[in-house]
């Protein structure tokens, strides 16, 4: 029971603050003899890396990962893999405003209420910088899952603007700065988000993550359900306020007939006529693609002033200067993929443990 | 790491199938010297009990709970509390159709894919009957939380029909068979659900659970977040496909300004101008009411035929006769409350452990 | 993190007090499709059962186990197995003396110091009766391990009297009331223990448990070591004060040369010239027999008076009447075997999970 | 369930190999606002550091610890504390002999049997170098326990030579290179160990750790017993083959009367007339000093040749050149103290969590 770990057989522990010397994670329980080098991890970190477009924070971090243990001659040894990422751009600056004033909607208030201590520098442990460690761990998880499992994510809603799912094109995701699968949305979103940024505001988003090739049988009733663990994993990402599997909240409005995924035999295989369930039935993977979505709220760090209070109990409007993403949901796409990968890798090992 | 346990310091393990001799749970870690008798638990079970209205299954189960251990002279001893509920109405009947044919959308397929074994009787371990144990454990959790914490749930959407939140009346919840807080909806829902039942269909629902009086500081970054644990707990309930905290998915469409809960000092206390966050910031309770919602899909057990396959690989339409709820979401209301209670009790003890 | 659970993939949770209506356990994580009926469990319980010889407590408990869940048509389903044993001989009697006076060396004092509550009836949760649940769980673990793994225990020391290891005969163990492998000791032990009992005293013992046929590779560095988990499991048995693996404390006096188990190739297999290590190297099984020993102190429940204090702070000698074993170590033999079986089953699944 | 973590509320995860760039650990769950700097940790590492006398390995490692996270302005923040120790003396050398030949009694064989991979350099993850991380974590644990709890360890047996307990002097422990509390033994041990080293041999030892000032009530029945967790923690230290609490194995030979720790009221306090129990009754601390002992076997790394086999299945005697401790038990003293500190800190928080 660790506050900063998740997973059971494939277990990830992260540590570090945005303004300390480094952040990192320990990946324990990884099977031995899997190929692993920094080059297997770095591309995923690069996707999440700040400063890559006008629509993400201008903080410049190379986010270069180092493997400190658990790998020998390019192979995992079965012992803990320690990954370290140095913080290089800890710009010394004036935190004046937010050093003493809480940001409404930010964790700075509740950290202080809980721990009685205030690390005002860049969010401390609550900074989204922690998610770089998840992405690194996710890259290791992908090695566990192997080539047969493909995990991809996309932004399906930016603020009030949703994609048209009939235009979904996975190839488009890598061509625009939004991880948007609908090319027609991109110019619209660019203009919209430029406006948000200019206004000193921030905006929310919805991310969808799809895992294909997941074998049936992963997940366990009733408190080790695959969707239960996915929900926890995705909800643990900064600023996430909702999680759905398959049709999610829309399924509440459906009848059992509308929501059913009919079965039939095709070439001797059980085949599904639809995937309302998002690939999970009774908490166990069915062999269909696993589909999860999560909603990211707009960040509370923005230029627009909000009524707030200081640590010593004075009313005071707060403005967050700094370098912040107008839509933190964008960079949450690779994070969501990583969490999916870690949960699946854990359940793959757990299933193998119990059922063989 | 138990598949059938949840919680850490306040830890619940459930066991049992719908058609075995009994179901039950073990509640471990409960603080000593709390008052506890069967009478503290039974009323919550009675709320969830089947057969109470035309809108729930007609299976008749008294669901009488027995405390087998952990209580001495009406007080908890600090040792494990074993709760047992006998299954009395295991009607011997013809499972002919579903004994060999999978129900699309039901866990019977994935249980078989995972374990290679098929307990066709009433869903076996995947039956919603298991949730009675959650409700019993939730009653114990309420003793841990004490009188200062109030947890209530309500059905806020039945199929496509949402309540009008401006008419929310908690007293109304106990007056109708839907746990509906909007009196104006009740006749409409009665007619609608009667139609669904008559058509041999089923329908989904959305439940909201609110916890008031929760002290600030519960929950821990970053993988022991209160909302992360709530999401796992609610998603583990049968048929749940989505979970939201506070504004949930709606927050994706908001700007940071619209989503902010402004702070001000009132009588020397930090006061919130809104509760978009649902009482949780950075995974830690803020002192505001905790607000969670979850979506329940329509059950796959219905009279309407759906294309399916048999265990030996034949195409065959399936009809589920039996006694089933047309809307399983209704009886999920006390279950949702119970999961909220258990998660909060666990975090109360965890917080006390770390911070004192 | 449950106080009353152990194991990870094969996980056992026990509950119940000696004087409540029943005791029981939940075995979670058991692989599916293993044969299991009450008849697979009962023989092990019968070995531990009280009242079988003059040298164990005269409490008469049939200790009949019931399987309440997790088994369908004689096979495990992969879901939690609930086992229940009713307490039938809860003789209503006069606890006068020990109801208010602590027994020096007994847990009654520390339970009260910890929980502030006193269940004086027969030791409550601290009663050795809890170990019946371990034995039941151990029988399930043996099904997981299969026929290839053989686990046997023996009493190797009764009070100051040690066996002569050169006379070790496993067949003898089942022929005498001490689980003693050295036939020559039996008459001597009978006379000695009769004297202890007549004097109203109690005496300690040392138990050895050996597991043969354990595959190499079980256990994991560095905090999931097989010997580390065995030590925890054996030390958790009532009254145990010491645990050894292989040569144990004797190895402290040896040189590296004396302690080495030389290796050689025999018929293409690595073969060991000795087993000082007790089958575990670096926390991982080597393929040799696993050998563990544990020391059981004399019970504090005896007729001989000991200076003590009452709950309200008066000096008072205490005498424990009741029906107690003069040597609780004897009935600890099947308990030790069961703990070995549970630890090995857990590690078998964990190893399979990580390494495949 | 992490193979490389221990503890629950105070949880330590270690990583790293002896010949990688660094080793380290993550301490999670530490209460906030405790004073902590590198200077609180370094002195304990210095006690364990190699190269300090003729009787420990001549490997020169400064073992300088860095705090990478979880501390802000000299205080713990409640978030994970990452500690890092660089490996500086990874002397490039000829591993010829042990690169391909197993050392009888060493983990190199079982690692290979388990993982199918062989990191021959200095023992890899099985190296005692890992224990530096335990010592660092133990220093943090001491801050949690506070000044009122005093934890000290000593070597009570070197090979066949035991101390005379009547001459026990804690001050002497820091004056000799053996952590020996009996000054009269020191010259004798010096001569004896010099002989062992000269003969290219190694020798075992027994360490005793005593914790004074531990409040009553720590530990929980029945699988969270304080002695059960201590046994696991001490048994997890490299080369440990036995663990005792209080009188340990000697208690097996005692009658209940001889083993009883009589109680009496002194100045309104319950007072113990002896401490055979080693401060733990029924798995819960009694308020008396906690006394634990553990046996360390002689290391298998020595100059004396032992019959062995190569990785490719040839018989071959093996000699371990390298720089090894003739008695690894000596440097296990601060490690044993650290494990005691970590277990107590965890139980302190767990007790506070459940009981308040």
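Odds and ends about this structure:
By letter and in written order, the chains are A, B, C and D; residue numbering begins at 1 in each of them.
The rule is short, and it goes like this: a contact is a pair of C-beta atoms (placed from the backbone, for glycine too) under 8 Å apart; a residue touches a chain by one contact, two chains touch by 3 or more.
Since this is a predicted model, take the numbers as computed values, not measurements.
Shared contact partners of chain A and chain B, listed by label: C, D. Of all chains, the one whose CA centroid is most distant from that of chain A is C. Per-chain Cα centroids separate chain A from chain C by 46 Å. As a whole-number value, the distance joining the C-alpha centres of chain C and chain D reads 26 Å.
Once the centre of each chain is set as its mean CA position, chain A and chain D turn out to be 39 Å apart. Shown for chain C are the residues that touch two or more other chains, namely 1-5, 8-9, 14, 29, 32, 78-79, 114-116, 125, 220-221, 350, 354-355. Those residues of chain D whose C-beta lies close enough to touch chain B in the complex are 1, 8-9, 29-32, 78-79, 220-221, 349-350, 352-356. Listed in rising order, the residues of chain C touching chain D in the complex are 1-6, 8-9, 14, 102, 104-111, 113-116, 125-126, 130, 157, 159-160, 196, 201-206, 216-225, 227-236, 238, 240-249, 251-265, 268, 270, 272-273, 276-278, 280-287, 295-302, 304, 306-309, 313-315, 329, 350-351, 354-355. Residue ranges of chain A in contact with chain D, taken from their complex: 1-5, 8-9, 11, 13-17, 20-24, 26, 28-29, 32-33, 66, 68-70, 72, 75, 77-82, 114-117, 119, 124-125.
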